[in-house]
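Quick one: structure below, then a few questions.
Chain nomenclature is as follows: A, B, C, D, E, F, G and H, assigned in order of appearance, with residue numbering initiated at 1 for each chain independently.
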Amino acid sequence: MLDEIIIAGFGGQGILLMGRLIAHAGMLEGKHVAWMPSYGPEMRGGTANCTVIISSEEVASPVVPNPLSLIAMNLPSLDKFEPLVEKGGTIIVNQSLISRNIYRDDVEVVKVPANDIANELGNLRVANMVALGSYIAKSKSVKMQTVFEALEQTLGKGSEKIIELNKEALKRGEKIIIG
Amino acid sequence: MLDEIIIAGFGGQGILLMGRLIAHAGMLEGKHVAWMPSYGPEMRGGTANCTVIISSEEVASPVVPNPLSLIAMNLPSLDKFEPLVEKGGTIIVNQSLISRNIYRDDVEVVKVPANDIANELGNLRVANMVALGSYIAKSKSVKMQTVFEALEQTLGKGSEKIIELNKEALKRGEKIIIG
Amino acid sequence: MAKIIIDRERCKGCELCTLICPQKIIVMSKSFNKKSYHPAELMNPEKCTGCAFCAMTCPDVAIEVYK
Amino acid sequence: MAKIIIDRERCKGCELCTLICPQKIIVMSKSFNKKSYHPAELMNPEKCTGCAFCAMTCPDVAIEVYK
Amino acid sequence: MEERLLMKGNEAIGEAAIHAGCRYYFGYPITPQSELIAYMAKRLLKIKGATFIQAESEIAAINMVYGASAAGGRVMTSSSSPGISLKQEGISYLACAELPCVIVNIMRGGPGLGSIQPAQGDYFQATKGGGHGDYHLIVFAPSSVQELVDLTIRAFSLADKYRNPAMILGDGLLGQMMEPVQFKEFDEKNIPSKEDWALGSSHGRKPRRIVPFDLDPNELEKIVNKLGQKYQDMQKEVEYEVVNIDNPDIVIVAYGSIARIVKTTIQKAKQEGINIGLVRPITLYPFPYAAIEEVANKVDKFLVTEMSLGQMVEDVKLAVKGKSQVSFYGRTGGVVISPIEILQEVKKLLD
Amino acid sequence: MEERLLMKGNEAIGEAAIHAGCRYYFGYPITPQSELIAYMAKRLLKIKGATFIQAESEIAAINMVYGASAAGGRVMTSSSSPGISLKQEGISYLACAELPCVIVNIMRGGPGLGSIQPAQGDYFQATKGGGHGDYHLIVFAPSSVQELVDLTIRAFSLADKYRNPAMILGDGLLGQMMEPVQFKEFDEKNIPSKEDWALGSSHGRKPRRIVPFDLDPNELEKIVNKLGQKYQDMQKEVEYEVVNIDNPDIVIVAYGSIARIVKTTIQKAKQEGINIGLVRPITLYPFPYAAIEEVANKVDKFLVTEMSLGQMVEDVKLAVKGKSQVSFYGRTGGVVISPIEILQEVKKLLD
Amino acid sequence: MGVKKLMKQVFTKPKSLTDVPFTYCPGCHHGIIHRLVAEAMDDLNIAEDTIGIAPVGCAVFAYLFFECDMIVAAHGRAPAIATGIKRVKPDNIVFTYQGDGDLASIGTAEIVHAANRGEKITVIFVNNAIYGMTGGQMAPTTLEGQITQTSPYGRDSKTMGMPIRICELLSTLNSPAYIARVALTKPAYIVKAKKAIKKAFQYQLDGKGFALVEVLSTCPTSWGLSPKEANEWLNEKMIPYYPLGEFKNVEEVS
Amino acid sequence: MGVKKLMKQVFTKPKSLTDVPFTYCPGCHHGIIHRLVAEAMDDLNIAEDTIGIAPVGCAVFAYLFFECDMIVAAHGRAPAIATGIKRVKPDNIVFTYQGDGDLASIGTAEIVHAANRGEKITVIFVNNAIYGMTGGQMAPTTLEGQITQTSPYGRDSKTMGMPIRICELLSTLNSPAYIARVALTKPAYIVKAKKAIKKAFQYQLDGKGFALVEVLSTCPTSWGLSPKEANEWLNEKMIPYYPLGEFKNVEEVS
């Protein structure tokens, strides 16, 4: 079992956290994981992205030129990474911000209206969790339950409300896949 | 023809100039020369010294561990360098400031009452030139006339009086040797 | 009569022009520009005095003023 | 009665003590010390007031004062 | 303590330092190591008696380290390439005065302002001495976040053992990435006492002097020779990893983040029937000359891969002594070499 | 102009620079090069349009050089070991921005504050790069006052030719000694125009930018590769002197002031029937690898002598490629090696 | 756009700015300051004779934005570089653009001594009370109690000192010809800032000597505030500690 | 010496000085300053808890002279080193001894920021208007028109600036607790100097904060004057430009 994911979007969209949660959950499940962010001033108004590797073996190179999965949270990110996805890979698209279709026909595409659902939940900030939920459900690289755990450990005591909201969002994303 | 000289004395005694004049004169006579000073804060109240090499061949090492000639202008300098002089070498001693005898019996010794003569000439500062005069006369490594020339070129126009005084002192030093 | 022109693509949606405009006639668009910002838009152009406060304040030199 | 003792070997012959002494009773020796300086010497010890100006001024801490 | 934690490389270094008893940190922000200085601020400002200072410059920081170390503190500073260049005078002083400390360099693209992406262009500076005079740092080249932890702890220990600055030579990739790490039990009692040489109160003993110079060349030579002897002694601390070294077609020598990328290359090559060995120096100073020479007795092709124009390649050649052919493949400017381009290079060489 | 003048090494460098059209000097005092800064003050403050500034620090000085060079000035700075360490960031920037200049290092004993006597402990720093990232200086190692003059003039010319900083690597012995020197006619017309790249007024042309970085690794890599190509091109500028190389019992490799001491050793050895050869690198970067390798094909014993714990010895080993045995003899701390101790070392090796 | 023809353009991008869009965050004052510098260059018609020096900091990209010769400095060293340039090209106009980390921390020695030498350069000093570029660490100008990456519990004046007032400090020197502090949070302030910046260039043109304008600036990103809140914070917190005004104005430097 | 027994010793070498004779030139004030520092240490009985930092400069040998723990700093960096020491050993007394090249030129950033952080250290700043150690080059404090190795035609304020007054400059900062300038050319001055130096240590003992005493000092060697002439020159030229007195004296640092 192995997944190599690139998650990309806009600076404020909580991209890095999405990646951290996958990696954290992977770790909790005893897998080998590595997480690598883009960094530097490009974040300002540009795209932020991160790479996550989950593997049953030790992670050698943490650099992923061609991901198996892509979560594209906005248009510039899709433009940048769509061509790089491995044949047969998966692209999760934030339909709320990306109206265009996917050019690639050799990948699986999942469209998630992440912002719209987040809006429904009353907080735009959890759009990332909606998309993440869909990814988890689709890829099964980690269990949703472990992601919840990772979420709790990351946000910690005193953030119960936010954690609940995030879980809700994750579940809404999951629902898109498993109905 | 070759001489390797160490000149040593007190900070304000004009030690470095003595060496420069020998080197300069050597150059004017078409010889190979090198001059090397001691440097650094040791000069303050300590001993100043310099090394001069005059040679018919290119000067290889400018460092002289064992000089053929030593001009010792004060006691600490004699103490320091006396043991280093080559067998058969020459030591010029400033008798005015050094009352002790020379321990070495394998070198030639010339005693010059440099300060006393300088005092007679009305300027203590030319004690160095007196000793230099004796050295030149003794070693014949350069001609006195060339030293005069070097002196003129070094001190330059406008210093006629000082040049004359220095020449006078050089001659007085010469006289000690050639009588 | 005065008028401002906002460069939709240069605008970064900082809202500073909307705050400074004495006429309160600049508002933020609901739509995104290419860089995913909500750009500012002139509402009620007829009220514009051409005071250029908005342009002076705009950190992205996205506003031109005509009078 | 007062007295100063000058450490002949520490003295560097700077003459500052001779200048500062209100009694003008310090002079420079004609002889050299081991470092080839002419050290300062107390002349007319009976005039010394023990004011210690010389010692305060001496950069080489070469003077002790007794009273 | 043996719990696995998901940590960013930069933060893992910081936690490892504190774990190892480091209570003094002086640094200046620079990408891609700024998380480390922020981490030290967050942690040390909450520990009583500990000190965190954002210095006015890298130069001030290294000199604060000099002072803190002289006073017996377990102390660290960190920066990235241009900032490390500014510390060179101070590093040379630390080495001369035999003051232990840990210096972290999270390398980025150079020269000049360069870029902020990962690179390995500071190998010469770290291993040969970017400062003036004869001295060496103990240089560690971790290649995972766990190694950042383990080698940071070891760096403090060797720095104290030899009274010499030690360097963690990482890069932006290691500093920025997250991996699970574990912290082994650390007994602060293992930190050697500095009471016999550090500055402090002199009640009942003679005053001490820490003097990184002697105007008498013969005296200074004694100091330098003592350093020289120390560098000889240090050779026994050499560490390296070998992979697949029994009968390879070619051996790659690589350190730090690139070494793990080479491991992917090795896996991919195996699928194509190519047998690649790896020697990964874990200490860059001392360098594993003997280990590489031994390999050179059996293998006649070496490839050195670095994120530079080629620096460690000189040490590999020195080790190999003309016995094997040594080739080089590098990328610069912050470009991270991919496993596939290394494989292509290997194929070229085996053709 | 062809008159012989008795000049101190430090002053000779200054006069040579001015002779070569250098009109801008920025420096900071340090022994044993302070006569050079004083000389530049005396001369440049009297030349209209010229600039002499005693900068607030070595760092300010090297950055003033950066600015002056960017504006098209022929510019120099100088210092000694600790001061050169402080310039490392600036040097790396100059190299990245491809700005020509001449940097003089009159080495003294190190590390740390060290001593002020002659030493050669900054070889690695000068030739491998004490600053961060991939770059090289063109490094000259004069061994007489006349060569200080000739190589200073050449340093300016090569710096301009390659748009790269060049270094004069001397030591306290060369800086302080006096020897007769001659100044050959110099035609200022030979100074290449910088109108095509230097900053200034942009009337009628597009604005220019001198930018020592690119946050895009692929772009920065292009810059670094261009530098790499330049270093390849520079190899042809290698200079060295060989003495008595036909059938020697042993070959000594030495540079700078020590090389002239070796010449005395050679004379003394001849008297004892020992035949010593000498290879003296005049450029340390580029290093005469090929020349030394050629000698290694004929001679099986090399001795490297340096006033250090052994630095150039690595380059000699790289050149020799295991074909000959390479030994080292060094003194440090400011101790100048004597001809006789070298001879003794040779005898030991020949036994 | 037909309207353009009929109406007079009363405000547009100055010619001394290139067309490259700024890389700054939304609401960041760096952009306003760039515009004012460019306007000053336009007004004095000096762009073609100007050489600008970009710092390391968010404004490292300034070399892309000004329509004049530009060079990027090592962090903090712009005043030394400006010195080198100005001495080689005394007839050109030379300015540095520096952040508060750059000028008031690592570059302290360089700014003090360039000012003291009276170098005929213009310094635009952007005080945003933080290190923007590197993600929000404490600057020497960070306010007491202000939370940053490296003062996570607020700047503690006991161990980190109080914010440094650069204008006041440099005004103790003899040589500077012009030193002023301005802000940009109100149109009236912007007008004054513009005047100060123009004067700082005019004094160089006139050979009067060293001129520095400190501009109080926002960093919404590192302050964790919206652009609007950032402006308010600047008004309420920064201006009281950093009084606006001219600190030195030597009509004739002897 | 029988007289010794009968009389009271009213002046002798302080205990906090070693027996090593000073390496300074005849008439150089470094020696007086050393003695005053040692006397302050004696008076406060702190030598055994004091750590001193010698600069690079003529006083590099200070480590030989003080009877307390000592360390030699890199040129200009003593305040940073003092910071490191004091933070590790807050109960020790830490002082730096720095020349004007050291403190006011290469070490500008370090002294400004140590002062601004309010480090609880004592700084003895020896202003002799020149670089003594390296043979007499211009210092930031060199007077206008003064001839040095690097201002061979006199310091030209047009291109080299006017001398920097460090006390005045540092007094613009909030944190320093004590800043004073003293001289040694008259017994009365020496008494005041002694008081100031003692206070600068006392304030550290009391935890009040950063204290600096600038001592106007002679360099007969590099000035090319006899010790007597040097004292006169200091009185006539330096004191008018560098006024003596206390510039900052914070009884209680908050």
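FYI, a residue touches a chain if its C-beta (ideal position, glycine included) is under 8 Å from a C-beta of that chain, and two chains touch if they have at least 3 such contacts.
Every value quoted in this text rests on a predicted model; they were computed, and no experiment measured them.
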Listing by label each chain that touches chain C and chain H gives G
Going by the touch criterion at the top, tell me which pair is linked by more C-beta contacts: C-G or E-H.
E-H
Centre distance in Å when chain A and chain E are each reduced to the mean of their C-alpha atoms:
34
Taking the mean of the CA coordinates per chain, how far is chain A from chain B in Å?
86
Averaging over Cα atoms per chain, report the distance between chain E and chain G in Å.
38
Residues of chain D whose C-beta touches two or more other chains
12, 37
Could you pull out the residues of chain H that touch at least 2 other chains?
24-26, 60, 72, 74, 105-106, 108-109, 112-113, 117, 133, 140, 159-160
Where chain F touches two or more other chains, by residue
31, 53, 56-57, 59, 82, 89, 93, 97, 113, 116-117, 212-213, 215, 336
Which of the residues in chain D end up touching chain H in this complex?
1-3, 5, 9-10, 12-16, 19-20, 37, 50-53, 55-61, 63-67
Which of the residues in chain F end up touching chain B in this complex?
4, 6, 31-32, 116-117, 172-173, 176-180, 257, 260-261, 263-264, 267, 336, 338-340
Can you name the residues of chain G that touch chain F in the complex?
47-49, 51, 53, 60, 63-64, 66-74, 77, 80-89, 91-92, 109-110, 112-113, 117
For a test of understanding, state which residues of chain H touch chain B in their complex under the given definition.
23-26, 58, 133, 221
For the chain F and chain G complex, residues of the former touching the latter
24, 26, 51, 53, 55-57, 59-61, 63-73, 75, 89-90, 93, 97, 199-203, 207-213
